[in-house]
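In the part that follows, the structures are each spelled out as structure tokens.
Each of the two complexes below includes chain A, the first together with chain B, the second together with chain C.
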Partner chain A sequence: MQHTKQNSLTAFFEPRSVAIIGASATPGKAGYEAIRNVQANGYAGKIYPVNPKGGEILGLPVTSSISALPAGVDLAVIILPAEATPKALRECTARGIRHAALMAGGFAEVDEAGAKLQEELMTVIRETGVRVLGPNISGHTSTPHGYTSAFFPLGKIRRGNVSVIAQTGNFATHTMRSITTGEHFGVCRVIGLGNKVDIDETEALEYLADDPETKAIVIYLESFKRPKRFLEVAREVTRRKPIVMLKSGSTEAGKQAAVAHTAAMASEDRLVDGLLRQAGIVRIWEYSHLVLALKALSMLPLPKGNRVSFLAPSGAMLVTYTDFCARLGLEVPAVGPETVARLQEISPPYIRMRNPVDIWASANVRGVEFAYREGMEAVLKDANIDAVVPVMMLTRQIGQPSFEFILDLAKKYPGKPVLVSFSGDKDCAEECKAYLEPRGVPTFLEIEQAFEALSILVRCRKAMDRPR
Partner chain B sequence: MNPLDEALGKGQSALNEYQAKQVLAGFGVPTCREALARDPEQAVAEAARIGFPVVLKAAGATLLHKTEVGGVALNLKSPAEVKEQASRLLKIPGCETLLVQEMIQGDRELVCGLTRDAQFGPCVMFGLGGVLTEVLGDTVFRVAPLTLADAAEMMGEIRGVKFLGPFRGQQPADKAALAKILVALGAIALQHEAIRAIDLNPVKIRPDGSLVAVDALISLSSTVAAKR
Partner chain C sequence: MQHTKQNSLTAFFEPRSVAIIGASATPGKAGYEAIRNVQANGYAGKIYPVNPKGGEILGLPVTSSISALPAGVDLAVIILPAEATPKALRECTARGIRHAALMAGGFAEVDEAGAKLQEELMTVIRETGVRVLGPNISGHTSTPHGYTSAFFPLGKIRRGNVSVIAQTGNFATHTMRSITTGEHFGVCRVIGLGNKVDIDETEALEYLADDPETKAIVIYLESFKRPKRFLEVAREVTRRKPIVMLKSGSTEAGKQAAVAHTAAMASEDRLVDGLLRQAGIVRIWEYSHLVLALKALSMLPLPKGNRVSFLAPSGAMLVTYTDFCARLGLEVPAVGPETVARLQEISPPYIRMRNPVDIWASANVRGVEFAYREGMEAVLKDANIDAVVPVMMLTRQIGQPSFEFILDLAKKYPGKPVLVSFSGDKDCAEECKAYLEPRGVPTFLEIEQAFEALSILVRCRKAMDRPR
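Up next, the complex of A and B:
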């Protein structure tokens, strides 16, 4: 029996029923936290905890064996040691389960014995056609369906429109935790790949490409399973949905001696770089930029181009961040004469106003709110500007402005990303973040991050519009 | 028999420069005018036919990096110079024959190449050529097959992109022709599995912007060759 690929993966993200093999009644254990996570996310389908001890876990009756499960459960989440996983997978297929997420580590990534267990998994997959995520994953998530298989205590995961493919457990564990606790954006699907015995990055990407809930895709990858096929798929997807990738392991170590110069130059990373550019994928290099990319793609439109205006209360910042923009491929162009005239109007005459905007004097004389509101609007209006970064000067002494004007401006100019950053009292910045972000305007506590986030969006735009 | 089949038949691990250029020219890659010569007298005759000044190179199946063994004589302006250099080159170990080439003007050198990766398949390289290839490593790659747009993007990605523009009174490089070379390299590799790597180094940019490959190397995969 062969499902189409799309249907086949859909059950992972919209399961009507889930069996948790290896459920536990002990708080802190993976088999317990997995159930708590599903419940915390408001999953509306049926949950069948399976444990030979029976009884009840978190209010759910426990089924004592896989064979005792009702027939045709959509998805099995197998949270058993590696040694027990192949057998459990086979038993699941015998109960008509066609999809399984395998959590255990200890397969080919560890030793010979593990490699043998992985072979056993592949035999079950080959013989039964069961679709498998993992093994060696820490879960997958689907917020539109209120579902997660993650076993790391996460609580409610906010819903968003950007999905993640990760060849690491971090996105179902502590990285997700930093997002849920430190940020205000949500995620759509999160797909842990693990050892990729069945579903690989290409198939995951194909699913997300056709997923109406997914607007953009962020990928962390350590190795390609089918690079040529991945390229074929990705180069079409990036014309509709931005893809950002952190590809790790990018050193010259893989370089081999060869007769031809071309072969000697062809370290794996140079090939990867070429492939990603060819595919229109925006490559990032820092782990923290994964979260930055998620934030930017979740909360902002793609700018039309790379022309940025920023407002800062310091000449040093104007110079430094203009240089920084140049390094990031962002242009800080001159603004039109009307814009210059308006900027000059809001400022004392002893400051020469232009882009970037020196807002210090205006903020001091006319007040922080007036200066930033009028200054931001002037540059947002300008046809030469694609995005605006206000570096807000906030301190208790000079008085906190109402931040509503930032929301109003972002709404009034919906095609132009507004990325807010700060200089001044840390707690004022935190307050501003807490006000703006739940209302849809992203803030960045480090000024550099605002520009880095913008540059990711600019690169996504360029990739999307690239010539065929 | 075409040079590729001939080389494979003989179990060669690479095509010599002359053979390589024949294969490449068949795919539309612009190559310099050249002729083989067995001895100094024939070299002089070919030089006269091509027109002075000429370049004289030692050629042989095992002579992959000729410059390193002094196997290249540039800018020979007279029959006497050709004769003298021909005699010298023929004494280099591995030198089987001589290659007489037109001397191409222009001091901008590019590299176009191809390598076959176990996972990625044939990959095309572009960058700064000549000695700069090794010194700067200013090269970029694409996975074959390439579109013309892929090739155009590669040109924009090297750090030395200014080399391709107007340069010290010389015309900008013919980017359309360059794109065709890069696309052709991918196509050659997809068509001929036995080709393991190709180096066109240098591809010279003439003062009028036109391009010509003045050196070429095609290395072959012994395993694929053995199967034939």
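Up next, the complex of A and C:
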């Protein structure tokens, strides 16, 4: 019997109850950590660990079989080897469960035997209409609902307003840890796609398009399942919500690696590039820029345009980063005569002040706080400037200023992104980051990252405002 | 009277005695911090602070005028405003001092009046033959001699084997602090060029070419004073010592900023690019890559070729960084059948092991230490591999392994650079860095940086081995 597909993936992101098939009492095992994660995230729904051994795991009574589960469980998370997964999926459907996330790897991405197992999954899906995420994922996350199916030890995941679609498990594992331990922003939904036997990037995008919690979408993709439909959906979404994508396998060498990963053949890259652009999708090229895009979109407004002012304690930085901005499509325009006059006022006369701003002498003579505060306000006020990057000169031997003025300026000019970076002592930079970021102002330990992040926002704005 | 120029800049880098003209008793002032810096670096020569007020500064008796200095002082460091600098320089030469570093800005880079002052300096140089570094520099450094003229509070600078020529003050100020506080490598000589009224990049390069302490040279340049001669010298040096250069002002926008900085007109960039390549100079494009190049050249051997193996805990990373390597000119070749067999041995069967190495499953099932140790050794052994980048999956919740095995492997395969990076908890990565780097193995907190650093080394090797 062919079932009609549901329109919504809501049950994956707001499950009222979850069965964890393959629950384990052993710390470190996936079936244990998955339960610990969901508890750590404050999930308010019901959790049913399933394991033939029964007993209790992390304070929860264990159900000994899928058929012994109560009726009406919303979602099954199946953490079993590939061989055991199709059977478990079928049993879940028999118990009335209509949504499942399948964790195991070892399907079509590995060998013939795996491909057969994947066929079996597709048969169950076809016959029962069960909706499936995966297989070969490491979980999905929904912070507004305090829920995650991730089995990698994660701890609490901060709530945010940007969602992720990822044809890879990283975003539910070590990349998520690098965010939770190294950054101060959160995420909204994280959707692992894995081998996409059922739910694909298009359906995930459709869900996020209508999700009121999601204001922007970051995507990692190795292949398109339904490219035409995906681009159709994206074309409309990008007018309302920015979409940033890392589409990998852009080189011949990368394609080879992609085939090994999620059984995906990479498409012709140049073609892809043009199609993404037409759909208003902002393409990025480096893995670390996924986190950069998440951070920028989470913490900053989209600037009105591409005109940036930056302040740095060094002529060499002014020259080098002006070059860098030009390569990124960021303009470093002249500022108005009033701005120049104000900048000159705060500096010793032996520096010619303009944009970009050589703040070195002013910081040395009048102090770091005065120089950056007055310099930043001068350029933020300027109608020719859409965003400001202060490269803070911080060193212990000069003494750490108070950073409150940066918060004040960011609040006073809410339409203009302020991206803070650093030159000088590493621990001073870390201190500034620890102060500013929980209060909403993003910092970038590598200066190039601040400009890269800004250029992503500028491209998102341009895509949103593109002519119809 | 026209003096013959000395062939060597030795007195700048091995001064037996130094006069600091414009010494100050006030902490925070340049004339105070310069003395504190030189003391902090264990300088064994004589230091003569000069200030009309006399008295004592940091335990040193102050000489009240230049003419009252003892005979035979090797080097004068003049920390006076631009207006006072030409007169002081002439007085130094009258007292027999034949080398001077001039700190003040406010010369030709600022205005007409400054240009006139610069003319005066050149007159003194022409008439007396005094050798001058600057003006408009923030100091020069020579760690083998425990010496620095830097006036920015720096503290102790680690000794290293790579030298820097910089047409900017950063390398004696906040960029140096970012190295001393954030990194574990040192530097050898740091030569600030400033406005280059006398000593230019060519002479600096000639000095470093013959300097037994310098094994590689990193250069930041905004303009060439004697391009033909510079390239001639470089062409020979690059066969013995790698030269890496950031030549800024590569875009029209950057050129504008360069004019404001050190009164230098940027040359035609494409032409420059070809000439640098012919001379065997490895060009870089980002400011942060200056530090990256220093780090790589300081801590690693040049690889034999461009064939890299990397291990990462994620298929997405394998694909993305294979793309990234391709863009950087790094090859990620297939490894031999024995290597594949060994890799498959250490992994659960549901991952197809090859190069790049998906270490995720092995790390999860057999532990991080076992997986990375055995995986790294397998690829390091392989004759098809010139360098290895392990992207360590580290998270507190799994537990930190011992990192000694990485030191052991780096020692066992000394011709193959090992560049360590991370995915996971930030503090775990920092811990690993703090363990490995003082013991000689470099780490890179951003994964892209490891590959960027490797590509710089590969290009240095290629330049060194280029056909004549």
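For this structure, a couple of remarks:
The working rule: the second predicted complex is superposed on the first by the 444 of 468 C-alpha atoms of A that agree within 3 Å, B and C clash if a C-alpha of one lies under 4 Å from a C-alpha of the other, contacts with A are read in each partner's own complex, and residues count from 1 in each chain.
We take it that a contact is a pair of C-beta atoms (placed from the backbone, for glycine too) under 8 Å apart; a residue touches a chain by one contact, two chains touch by 3 or more.
Keep in mind that this is a model prediction, so the values were computed, not measured.
When the shared chain is aligned, no partner comes close enough to touch A:Ser67: not chain B, not chain C.
Within the superposed three-chain model, A:Gly169 lies in touch with chain C and out of touch with chain B [touch as defined at top].
By the touch criterion stated above, A:Lys228 is placed in contact with chain B alone, chain C being left untouched.
Looking at the superposition, the partner that touches the larger set of chain A residues, chain B or chain C, turns out to be C. In the superposition on chain A, contact of A:Gly424 is made with chain C only, not with chain B.
Look at A:Arg468: by the touch rule set out above, it reaches chain B but stays clear of chain C. Looking at the shared chain after the overlay, A:Asp273 reaches chain B, while chain C stays out of its contact range.
Across the two superposed structures, the residue set of chain A contacted by chain B and also by chain C is 258, 260-262.
Within the complex formed with chain A, the residues of chain B that make contact are 14, 64, 111, 113-115, 117, 119-121, 123, 125, 127, 133-134, 137, 139-143, 147, 149-150, 152-154, 157, 196-199, 201, 217, 219. Within the complex, the chain A residues that touch chain B are 224, 227-228, 231, 258-263, 265-266, 268, 270-271, 273-275, 277-278, 466-468. Residues 28, 82, 104-106, 109-111, 114, 153-155, 166-170, 173-175, 177-178, 181-182, 220, 222, 246, 248-254, 256-258, 260-262, 285-288, 313-327, 331-332, 349-352, 354, 356, 358, 360-361, 393, 395-398, 422-427, 446-448 of chain C are the ones that touch chain A when the two sit in their complex.
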